[in-house]
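In what follows, chain A forms one complex with chain B and a second complex with chain C.
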Partner chain A sequence: MTIQPIDSTSSAKRPRLAIDGLMRTASAWRMPLTVLVLCTLPWVLPSKALAVNVLIYGTFAVGYNLLFGYTGLLSFGHAAFFGGGAYLTGMSIVHFGFAWYTALSTGILGALLLSLVMGVLSIRTRGIYFSMVTLALAQLAYYTALQASSWTGGENGLRGFTVSKIDVLSLQIDFLNPLHKYYVVLLFTALALWLVSRVLKSSFGAVIEAIRENEVRARACGYNVERTKLLSFVLSGGICGLAGGLSALHLAIVPLDTLHYHTSGLVVMMTLLGGMGSFFGPFVGALAFLVMEDVLSLWTSHWQLFVGAIFILFVLFLPKGIWGTIMGLGDR
Partner chain B sequence: MKGKHDKFKSPTRRQVIGGIGMGTATALLGMPLVARAQSEPIRIGFPTPLTGPFGAEARDQVKSAELAVKQFNDAGGLGGRKAELLVRDDKLNAGEAATRTLELIEKDKVHAVVGALSSAVQLAVNQVTRARSTLYISISQSDTINEVKDWSRYTFHEALNPHMTTAAVAKHTFKKGMKIAYLAADYAYGHEMLRGFKRAQAAIGAASVGEILHPLGAPDYSTFLPRISAMKPDILCICNFGRDQANSIKQAVEFGMKQQMKIVVPVLLHNQRLAVGPEVFEGVVGGANYYWGLEETIPSAKAFNNAFRAANNGAIPTDYGAYGYTGVKSLLQAITAAGGTETDKVVAALEGLKYDVAKGPQSYRKCDHQSIQSVLVLESKKKADMKSDVDLFRVVATEQSGEAMLRTCAELGFPA
Partner chain C sequence: MSTTPLLAVENVSKRFNGFVALEGISATFGGNRVTAVIGPNGAGKSTFFNVLSGAIRPSTGRILFEGRDLTAVPQHEFAHYGIARSYQITTIFPQLSVHENVRVSGQAFRSRYNIWCNRDLDRALIDKADAALLAVGLHGKRDRIAKFLSHGEQRALEIAIALVADPKLLLLDEPTAGMGPEETRDMVALIERLAAARTILLVEHKMKMILGLSDRVLVLHHGRLIADGTPAEIQSDSEVRRIYLGQSHGAA
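Entry: the complex of A and B
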């Protein structure tokens, strides 16, 4: 921070040092900085409803990236955890009259259990087989929700659980107010981001990256690869379940589409767009994707054409994604 | 924001404290809005699936809705206050529609929402508008939206519902002692239509000889059709929507089933008939909310068609498109009657409104806010009988839907 590029002719390394120093400081303070940036989001983005969606899908993508970017497992079934969390949160309010916090915890717990079952069944396979097994299991969840219509509302989606006020200690917050809603959701998002960043900094985080880089070597080093993968799978599922639960509270409905494989595809796209394997990448991807969709679809009804073209450009020219490319600039 | 809130319902002490707590900044932001309230335009949000499988219908709806707004403004608006239509693409996705509706209410501060084109999507919009005491005119078929569980004081259902549609179609096709077979798409729309037909069939005294569910979007019906042939029905009821309707009827014709039985559908779609051609649909009977051919007998239909033609290079309005016009037009009539956009007054005006904007007299039933209106029963014409490219259907009957054709308020769960 204190080093300043006084004379540009003296040395090319001077400004580099300044940037490095800045980066290091930023990195050390990344959680407070992130929260600070996210606090301003409702004023920067076109609408507050969109800002809440960015938080929700950002959390979803960060949770997904724990498995995809860091453990190296490409899952096509994460809609099951997102949708599972959403449905369980909604259903526990509709059918059991739970308070919002109990409902949200039920959603997360359910997603954890579901990911444990799906994880046990799927991580014994690898590569494309893993992707296919997760996809198939998630489709099971989709059809279950479609058929159990007295519980889930079936095709019409789950409705009837609008949370209009929430109690925090003795404070009552008007949850219909878009700003209040944003900051409540932000609280959970920040918690989830902190949790993931903590996990990645731990030795467990190092092990999952070791598995991604070379599974055989990690096994030879004495790590229990299966168990580690399963744990990462379950953690990822839990974070996605939280995102799903928040989306249920935000929209006050759970559409059946939440469980559709399109949702799984969406999170893969967001992660790739932002940059897999980087901590903020997926969040930035979710932000970029949602804002792009929102702004372009207002401007033209052929917005899909532009979103598709931009995505192709990224895959071709910026394979590291938005955030990965920005981070890469500092290393060059 | 605070000021806006106060206009609609009297605040509790908590709300007042909460409102103050929101901070002076927000209050200051809200102030100019209140001051502008008298001269600001009447904003109507219009979420509709411009992209996706119902895109053609959605674009027709937008054109019709824009026409209604234009006519309102050309006539001077509400004492000089103009209306404005904010069209949003809901992508036929309930979550997207809910987000878009939130945006329309929170950011664009719309006075009412009209739109959505699928049962699930309109129920999602309904949840959002209900919680925020915002007017919503829904313009797509659904039985669920009439039921007490999803009822909202602020929601009015302008579209037909499956129950009345099937009742009207069955009345003119089913006869006592007939054998009926059903082929239905396995999702909400198919189920609701099937339920409606079976109820009407039992009342008429016809017999069901079997029902087969097919997956939504099925391209191939060759496994279902021989089974239906074997049932030897007098009538085959095909309860599906969009491209499924065209595909299934086309294949039934190829199997020679039209020689053995009559084909009946709940809703005969203008765009699907255009997509496939007269030979396939010839003789198929189904219901509709609107057909441009009504202009021969109904003056308001003639006026609507002419205005639509003038605005769209001679094109005619379609069935689902017309909902956009009747929905927006009746809303603007109610706003005029209420003398402003104050939600409670407009609700009262809509409840008492008698309107005839495109298809003859309509009004909203008090208990479930369902629009009581005529259901057309149409028959697809032979190519030889068509006077022009758009002369598609013959109007078999115009069925007035009174209480008799709707489920009773008690059956929907409303207190007597």
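Entry: the complex of A and C
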């Protein structure tokens, strides 16, 4: 079972707590529970648009965490894949009149290619240098989008590609209905979560964790560290590209900010808030962040101040994040 | 010898920006023997090990393993040829379980980069990891997180990590570093068991242990191989005696 906080130790000698059994039951019913929770989200949250955003940023953060939490590489450039996926999806519709599914596939494919190029250029650098190189390359994508305004809409963002209907086989879904939209996006989110959990359970999933733990040992064991990191980088980029493409379909506009380094920072914050050491942590972090933003921005225009303060408190006192801490309760 | 030796080191030198770390080393190894590499600090023992495990490429000379030239082969492929190593400073995967530490090492020879298979279904590999843990006496702690093991247990775990690949050549860089007498005795017994089926090279400082354990001793000094023989021959070598007795141990 991969989908557990990394720090969970064997609980053989600890006294059995009631919460222990509860966690175990929850763990066994993980997949149905997740689907159930996600299905009820639009009714629980203040707005349906917010619920769609949670799905999109949750996917973004889970894809990001494949690289950050599991491979141990802190990228500050994932806005390029999220934004790249969003722009390519939107541009495919605006300029080429692609159907939504072809457009979304183009977005994902573009993000995969972009992450391959960025990965090749950055993967050999280490630590803070890796973060800086990815940041610089992502800013390059930002300025490219800003300059190529006849393609991207420049400062105003990309507009004019409202997808109103989604055809699945002979079924027509009204994509303007927020609830229908939610369940279409949920389908892709569930697919992405399943994909990432499969990858983490695979042999490859073991190798990336080994590399995060000790690169020297992983290499001595016979693993090509650079190649593994690159593959992880590309997979992560592809998932983030999917999230970006969904965001474009959802908003019917791609703001230039999507490519800005704020977006890269946002996903790092969401991941840390929820807990980088667990599979669901980043998703929970995205949920918490977006709900905080939604609620606090009703009260004050300085909501970022409060979100920032809460983030600092988390980093200082709950370094495992929301989800990591909850999962850790059973291990105490 | 008419047959190809397991490992042949041919005239290997290594320079770092003019500093000579190794100079013209030639030797062959094989035949399931234990060879100790000794020498004062800075003699080039670690560099020699790094060259043999592919971590450092020699400036000149060749490394032949079963007759194949490995000099230009990338480090991670050395493991695939059958060369495994341990490090002077314990090098394990601290946050993974003891069993996973060994399992992931053994996996390098099977489904390495498969992103779709379920790794929990590879029973043969799981059993192989268990066997390696049994061999080093750590099987009782297979589900512990590696960082919570004692120092001696972590050293043994590192050997299990190397062992699961069933290497033909095992390089042990100070396997008893930082160990007490009891742990050292366990480690010596373990190395003796392992030596029955593979060739072992080890760097050590504990003289008594080296003399009891090894079939052959190489002495390095200032990057040069100054003596090569049985423990008894080395003990009576005047040059070796001069280096070890004539100057303080930490010098050079």
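Methods note: the second predicted complex is superposed on the first by the 306 of 332 C-alpha atoms of A that agree within 3 Å, B and C clash if a C-alpha of one lies under 4 Å from a C-alpha of the other, contacts with A are read in each partner's own complex, and residues count from 1 in each chain.
Keep in mind that, in the parts below, contacts are C-beta pairs under 8 Å (C-beta built on N, C-alpha and C of every residue); 3 or more make two chains touch, one makes a residue touch a chain.
Quantities reported herein were computed from a predicted structural model and do not represent experimental measurements.
Visitor: Looking at the overlay, what does A:Asn214 touch: chain B (first), chain C (second), both, or neither?
Guide: A:Asn214 contacts chain C only, not chain B.
Visitor: Is A:Ile312 in contact with chain B, with chain C, with both, or with neither (first, second, both, neither)?
Guide: A:Ile312: touches no partner chain.
Visitor: So, A:Ala252: does it touch chain B (first), chain C (second), both, or neither?
Guide: first
Visitor: Can A:Ser164 be said to touch chain B (first), chain C (second), both, or neither?
Guide: First partner only.
Visitor: Under the stated touch criterion, which partner chain does A:Cys39 make contact with: chain B (first), chain C (second), both, or neither?
Guide: neither
Visitor: Touching A:Ser203, do we find chain B (first), chain C (second), both, or neither?
Guide: second
Visitor: Which partner chains sit in contact with A:Leu140 here, chain B, chain C, both or neither? Use first/second/both/neither.
Guide: neither
Visitor: Show which residues of chain A lie in contact with chain C when the two form their complex.
Guide: 1, 6-7, 9-10, 12, 198-199, 201-207, 209-210, 213-214, 216-225, 227-228, 231, 235
Visitor: Can you list the chain B residues touching chain A in their complex?
Guide: Listed in rising order, the residues are 1, 14-15, 18, 22, 26, 50-51, 88-89, 91, 93-95, 98-99, 102-103, 106-107, 119-120, 123-124, 126-128, 130-132, 144, 149-150, 187-188.
Visitor: List the residues on chain C that touch chain A in their complex, please.
Guide: The touching residues are 53, 55, 74-80, 84-85, 87, 91-97, 100, 103-105, 107-120, 122, 143-145, 148, 161-162, 165.
Visitor: For chain A, which residues count as touching chain B in their complex?
Guide: Checking each residue of chain A against chain B gives 46-50, 53, 154-157, 159-160, 162, 164, 172-174, 176-179, 247, 251-253, 255-258, 297-298, 301, 303-304.
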